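In the two complexes that follow, chain A is the common piece, with chain B as its partner first and chain C second.
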Partner chain A sequence: MPQRKDSLYEQLNPLTTIAGQHFVEYFSGDTLDNFRWGKDTNDGTYAMSDSVDGGVVLTTGSGIYASACIGLVADTTSGSPTMINCFDSQGAVIQFIEQWGTGAGGINASTHGFHSERRGDNAGNNGCALNTSLWSTNYRLRTCNSSGSQTDSDSGISAVGGSGIATNKNFFRVEIQPTFASLGINGVLTNSHTTNLPSGGLAPCFGIQNHSNNGASILHVIYCEAWNTA
Partner chain B sequence: MTFNSVYEITNPLTTVAGQRFIDDFSGSSLDSKKWGFTEASGNGTRGMTDDGSGSGGGYSMTTSSSNGSNYMQLKGGNGTIRQFDAEGCAFIAVVRALTGSNNAFYVGMHEDSYFAGDHSSSRSYYRLSHRNNLIGTGNVDTATPIDYDWHTHHGSTDGVAVNYGLDGVQGCTATYPIPSTEAGDLEAWWQTYTPDSSTSRSCAIRYFEAWNH
Partner chain C sequence: MSVNSQVARNQSGQTFNSVFESTNSLATLFSGRYQGGQRMVEWFTGHSLNTDRWTLQNNTALPTVSMQNGIDGGLFMTNTGTGYGGSLSFNNKRQYGNPCSCIIVLKNTTTDGITYAGFDRNGAPSTAGGLGGSNSTAVIEMGGAVNMSLVVTNAGSGWDRTATSIATANTDWHCVKIDVKTSSTNLSIEGVLEATRALAPSTTMQPCIQGRNAGSNATTYVRYFEAWNT
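And then the complex of A and B:
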């Protein structure tokens, strides 16, 4: 067991190590920190949750392919902007706690983890993120390479609950290395794959995209921590 | 040996942690994304403390002398974002009264029920103040005499009892009336107020952490 140290730095790194980029977000307080997070303001809404363990709440519009997403780039009204990509596709980890409110519209895709672009559809170039959608009953890990080719691997853990998406709270861990990407759920490594891995820089991104126009979808993000391992 | 992540310092990876709130009160200005500010009346002054070796840094608030019932307060949710469980949360805060007399502050969890460390120059000891908004208010003394130095204030509730202490020493316990889910959940809170007459009061804070059990 690690011993108590004089500094937070030393809890995570020996003084002989030059630490890489490290990012921690608790999503607690009055408003979302827009010095860190920018939003897609086209049709999503964003607010701190007035509920115990509620974090920040992302809510899509009710239309088909309506989305809501946050990432490390300023607010924009459209598009999938390139983020401030300070995490390394050759070695980085992102772990987060989140909880779906509803997926009334049927989730077409969702981006929870690293990507080079802020987007809710988990497509585009250079990404490594959890993907929860109506197209799979299980949580899946998706990577996108530099030309947009994708690989999905299945966790074997069901993302379905009740009449739609599971609304229990989970702790996810996504890791990218030069030769593989992996997903862990609640402390257990569930799946990995080795193809269509991203290159270049990445950044934390949380986004959701509806599939139909049956209503808004809601995601709570309660914690996020990312760091470089390379 | 080191931890792999900040998360693992306080939680095993097999645990889905609850909400956490941390502020170190360091930098050019108060983090207004975390804290909402309100003032009862007058125009007090506040800001980051440019005096790390003297008063000890952090963020200070000085009430106006124009009104004897004035208070200034920070709430980590601006009175509307209550993410901490009224029956299962805790806080740690490093706070002091800055000037050597006529000071008062609360530090703890609030909205509108509360449990908080309570300092006032008009009393002999630090105490725990506690309230259930549907029932009423109470308080109980610790054995720590009122002074004007930095202390680490720590409190917690499990819905059955509230515990409060300073500098790692358990100070006192209250069981009634205390915050409940029915009366509403809580947010981080620090308040400087005038306990007696129309004189400016200064208090400072340099750390606040809250979490759900």
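And then the complex of A and C:
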């Protein structure tokens, strides 16, 4: 049998260890935790789902490049604000459960994982995040370095289903280390790469950027946990 | 290490069905009546302090707090007030009582500013007849000439300080555990039992982090606080 401990802390770390930053977000409640998460309120909308395993629902506007994004920085109506970057690009893990909603109008880009800025386009400086978009049939891991140069690596796992994005639920794990970044999907390590890695601090970010004018894009985020490993 | 992966690593790959089961004893679960109690886990990860949970308490001056945009930064609290300073508390919602425990990851970075953290009846560790009258306390005292110590009071008893082996200025992060037992109180730092006192608070209490100016402002960082009734 697994071993019970007095505390959650002791399940995660021995008491001899001074634990680094760590958090768990269940996305369960009446509203999004607005002390923790801030939103891009320009044209995105955000609501807790009234459905089984629905989590929080991010919905873009219907126009091209309309975004919906949450991260560790207060609400703003524009821009890509720097977040509270308490996670370490030299060693950190973020894992999350997500499900794309129906009615995706075509996703230009998306950010699921770590970034230093809250943004839905998975661009900018210092990021390490899953990217799902209409430009690739597979889930991809993207890193951005401190000058905005990017590397994408392909998971080999299709993100396509029906007439658009796959709407099945998935468990993703993104890990950043000093010399590589990796992506795992549903418990299997799928891909990694070693170039254009971020530096400095990072924070959890979930964002989507719409592409076509055929409707809004919708993402459910159901669980998120992140911690430093360095 | 995440909740699930750490638990899985423990033994045989078997995991707990729930976080609850990972931290409660078999005796608690199956003794014929439920004997466990309230638990709270605060990760201090977000763009701002969750003031639905924590109250900024003005004892002699209101503390100021901010989430730190830095790796493992947690929450930063500054206290300018002398005397009883200011606190983070549960606004006198006293959900914890003998026996109970807490684990806190924190540091005090000014030796002339003193930090107290643990359990307190009034959210402000104080001497007998001090703030709020008869008080009960089980806290670590960090900073000042007596850094670091265990301080215990019970229902207005005198300020009772027990020294640890860390008796000089120390501004490092620490993992602190306080165990309030039936008739004694223990303080462990990094898993080492540093102080034990044959005295325990008997009244109900609340989680508390207090800072006071004792020559300079108190500056306290905290990135984890778990409290539970045992």
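Operating definition for what follows: the second predicted complex is superposed on the first by the 227 of 230 C-alpha atoms of A that agree within 3 Å, B and C clash if a C-alpha of one lies under 4 Å from a C-alpha of the other, contacts with A are read in each partner's own complex, and residues count from 1 in each chain.
Here is the rule we use: contacts are C-beta pairs under 8 Å (C-beta built on N, C-alpha and C of every residue); 3 or more make two chains touch, one makes a residue touch a chain.
If you're wondering where the values come from, they're calculated on a predicted model, not measured in any experiment.
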>> Tell me the contact category for A:S78 with respect to chain B and chain C: first, second, both or neither.
In response: neither
> So, does A:D33 touch the first partner chain B, the second partner chain C, both, or neither?
Replying inline: both
> If you stack the two complexes on chain A, which partner ends up touching A:V24: first (chain B), second (chain C), both, or neither?
Replying inline: both
> Does chain B (first) or chain C (second) touch A:F87, or do both, or does neither?
Replying inline: second
>> According to the stated criteria, A:W227 is in contact with first (chain B), second (chain C), both, or neither; which is it?
In response: both
> Now for A:Q95: first (chain B), second (chain C), both, or neither, which partner does it touch?
Replying inline: both
>> Touch test for A:T179: chain B only (first), chain C only (second), both, or neither?
In response: neither
> A:S147 contacts which: chain B (first), chain C (second), both, neither?
Replying inline: neither
> Shared contact residues on chain A for chain B and chain C?
Replying inline: 1-3, 8, 10-14, 22, 24, 33, 35, 93, 95, 225, 227
> How about chain B: which of its residues touch chain A in the complex?
Replying inline: 1-7, 9, 12-22, 31-36, 75-78, 80-85, 185, 210, 212
> Across the complex, what residues on chain A touch chain B?
Replying inline: 1-3, 8, 10-14, 22, 24, 26-35, 48-55, 93, 95, 97, 169-171, 173, 184, 186-188, 222-223, 225, 227
> Taking the complex as given, what residues does chain C use to touch chain A?
Replying inline: 1-3, 6-8, 10-12, 14-16, 19, 21-26, 39, 41, 43-52, 67-74, 101, 103, 105, 173-175, 177, 188, 190-192, 223-224, 226, 228, 230
> chain C touches which residues of chain A in the complex?
Replying inline: 1-24, 33, 35-38, 72-74, 82-88, 93, 95, 200-201, 225-228, 230
